[in-house]
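As written, the chain order gives the labels A, B and C, with residue 1 at the start of each chain.
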Amino acid sequence: MRRPLPLAAALLLALPFVYHAPYPLHILVIVLIWSFAYTSWSIMGRFGLVSLGHGGFMGIGAYVTALLWNKAHLTPWLGIPLALAASGLLAVVVAYPCFRFRIIGHYFALVTLALSGIVLQVITATRDYTGGSLGYTPERYHGGNSLYALQFTGKETWYLIALAVWAGGLWVWRKVDRSMLRCALEAISEDEDGAAAAGVHVTAEKLKITVLSAVMTALAGALYCQYQMFISPDTVSGIAISLQMVFAVVVGGIYVSLGPTVGAVITILLAEVLRISFGTRAVGWDNLVYGVLLVIFIIFLPKGILGSLLDLARGRRASPQSAARVASA
Amino acid sequence: MLELRSVRAGYGTFPALFDVSLDVRAGEAVGVIGPNGAGKTTLMRVISGLIRPTGGSISMEGVDLGTTPAHRIVELGIAHVPENRRLFPRMSVEDNLKMGGFVPAARAKHDGRLGLVYELFPRLRERRRQLAGTMSGGEQQMCAIGRALMSDPKLLLLDEPSAGLAPVIVDQLFDLVKQIRTGGLTVLVVEQNVQQVLRVVDRAYLLKTGSIRAAGTAAELLESETIREAYLGV
Amino acid sequence: MGVFDIYLLEALINGVLLGGVLALLSLGLNLIFGVIDVVWICYAELIMLGMYGMYFMYAVYHLPILVASVVCIAAVAVMGVILHVLVIAPLLGSAPINQLLATGGVLFFLQSAATVMFGVEFKNLGLRLPVLKVSEMFLSYSRLLAFVTALLAMLAVYLFLARTYTGAAVRAIAQDRQIMPLMGVNTHRIYVITSALGGALAGLAACLLVLQYDVHPFVGLSFGPLIFLICVLGGLGNFVGGFAAAFVFAEIISLGGLYLDLEWGYVFAFAFFIVMMFLRPQGLMARRS
């Protein structure tokens, strides 16, 4: 993959300058931001730390940034780091007791599920500040085009930002893939006691990857907020978003760096196609399709599309292994 | 009554039994002895249906067991007392015995069978409300055997009944096995403890690494060299 | 001062009443988990569908409420069986997380199906039940009814488990799955029966909840996460633990709602959960591991 990479990078960078049409660019930006979000999830998901609460982190990233801007007039350049810190902190508060007391596998997933539900409830409960289910809009600054406010009207600019962040996400994925952290986490997911006996600081390692994943997801939320200039609890937070993340990664392929991206492409294109074909009647249909597909994929193709294709390419039969290997609970 | 012909069985790709053939005639007590890892438990499981045979045939009174679903084998009159007892630990003795008589045919006879089991094992009647998991090893074994008897079986499979029990308890246990037979019950015992089992059975087979190496009456086997070789590898 | 105490007492009592229904729900979830070793994330969505069923049968087609309730319970029981047969059974050998994710897919599907079929507006049964005045306190009749019914249902389940052969099999299978065939028990049959029972309890809960709350496609999100927290805190599969945890959480929510919006009650409940995880981790380890 060494020689194709600069070429691909050059093509991707050049794209918005060659192809100006705003709608496709918009779709690309959305795809890139969500790919980044899904990649962030898969960074911990691939090690069996399946979280159903990442909608919560995304929501925090989005809302904290927007609230600090609107209420405290804090530039997103400072607001975003604060939002990231907040989600990191929340990740520690929830994950630490879980890991310390060996709440793993599906118990952990249930706790994180509750987490994303709770974040949604908090957003709704503080409706005087957040607008609740009606959504929230960051104030436009200088006509919506300002580096200080991290707002840009040009889709090309956003495309490049999203591309950079997405590429950054892949870079982080690759770094983790090649690190000792990966070895430690894979050992942990195979046999936690064995890993501990071998000297691995189980809780610390798991916490590291969880915080990393949470913070990246929060960044995705913050970017989404700055790009769309409108957020609501169900578009950035909640169980639906969490499940959507899992779905996209499962479909795309959880063990492959580009898997989540493939998943994002599929889910977003599907939603757009439905929206274009059916208009407002399409409300709910996309999630309906996701739901059915998720079940079908879990049963028949747990390695995802990309994962299974790669298996085929390498001559291995896609075996019905678990989508996420969990430490035998 | 029970016929095994050239049975092969195993776990996944790991074969445990090769070409095993044996007979148990009605009213008999037959033992299967052999060292650790010989495949004795596998043999029991393949008869009671917990594992499917990969080759050969098993039949009980002419009915092919290989194609019978596991949970229907009890209805054919086979009751298996598993290795390590496998009682339901958080259920009472009474409830464990009740589960033994789960099959519809046995439910009608529940009270009668319960009386019989309590007669055989008076300790169980004393402890009938006690949680099975809190009993001693010997008591648990009694309960396990009692549970198997609740279905009024024709053939009782005993899998390593002496496992984990003190010698004096084992003694009492095998005395009880002798007693159980008086009703005409057929028994197939799989056991590592050669001395104990050969004093209660009529015939026995020697199983080693998945195949039958010897067979004969209890007396014959007690005297033979083959057993010593099999166990000690001498 | 006296008036203040009355509100507190009222909140406490309402907490107990709420706890009854939550305990019923956690019983259903614990049954499924204890026996089949699977968590139905979409449990709350099954309840949501039951509530819609009640709405249509009673408010739209004007069936008598008792008839509607019986139909509802039966219908959700059937849904539970379908869920098991179509989604859970094929995954029984896989990692538990796969089973969880698959029920997550069903959650998605049910919420969306409800959105598509019924729209997002809140629907109400339109049944005005009286409010009882008990010495300065106002207790809604529907809450009392829900509480009593929930208790009776739990008693019925207890008797079923303790006295019948099938109930004994349900208990046994949770303790040693592998030897069940030796007892002559068809484990698949028991799974189906348990799924039906779990569904029936959800259906009953739907009947009770629809008396008090509006239904909309996402109503499951209001109490779904809560039930999971209750079950995890009480110990997944631990009936008594779930029962106790249900009342504890219900009180927290009720008291939280006394001073603040209802949503804050949930936040406190979650915070309480986190604190409990630090303090009593052994209460969180499920019976099976």
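General remarks:
By definition in this document, a residue touches a chain if its C-beta (ideal position, glycine included) is under 8 Å from a C-beta of that chain, and two chains touch if they have at least 3 such contacts.
Fair warning: this is a prediction, and the values are worked out from it, not measured in the lab.
With centres computed from Cα atoms alone, the innermost chain of the structure is C. Farthest chain from chain A, judged by C-alpha centroids: B. When C-beta pairs in contact are tallied for each pair of chains, A-C comes out on top.
Between chain B and chain C the centroid-to-centroid distance comes to 43 Å (mean Cα coordinates, whole Å). Between chain A and chain C the centroid-to-centroid distance comes to 30 Å (mean Cα coordinates, whole Å). Chain B has its Cα centroid 56 Å from the Cα centroid of chain A. Of all the residues in chain B, the ones that touch chain C in their complex are 48-50, 69-75, 79-80, 82, 86, 88-91, 95, 98-100, 102-103, 106-107, 151. Of all residues in chain A, only 48, 50, 52, 93-94, 97-98, 100-103, 105-107, 109-111, 113-115, 117-118, 120-122, 124-125, 238-240, 243-244, 246-247, 250, 283-288, 290-295, 298-299, 302, 320, 322-326, 329 touch chain C in the complex they form. Contact residues on chain C toward chain A in their complex (touch as defined above): 39, 41, 87, 90-91, 94-102, 104-116, 120, 217, 221, 224-226, 228-229, 231-232, 236, 260-264, 266-267, 270, 273-274, 277-278, 281, 284-286, 289. Interface of chain C with chain B (complex): residues 165, 168-169, 171-172, 175-176, 178-187.
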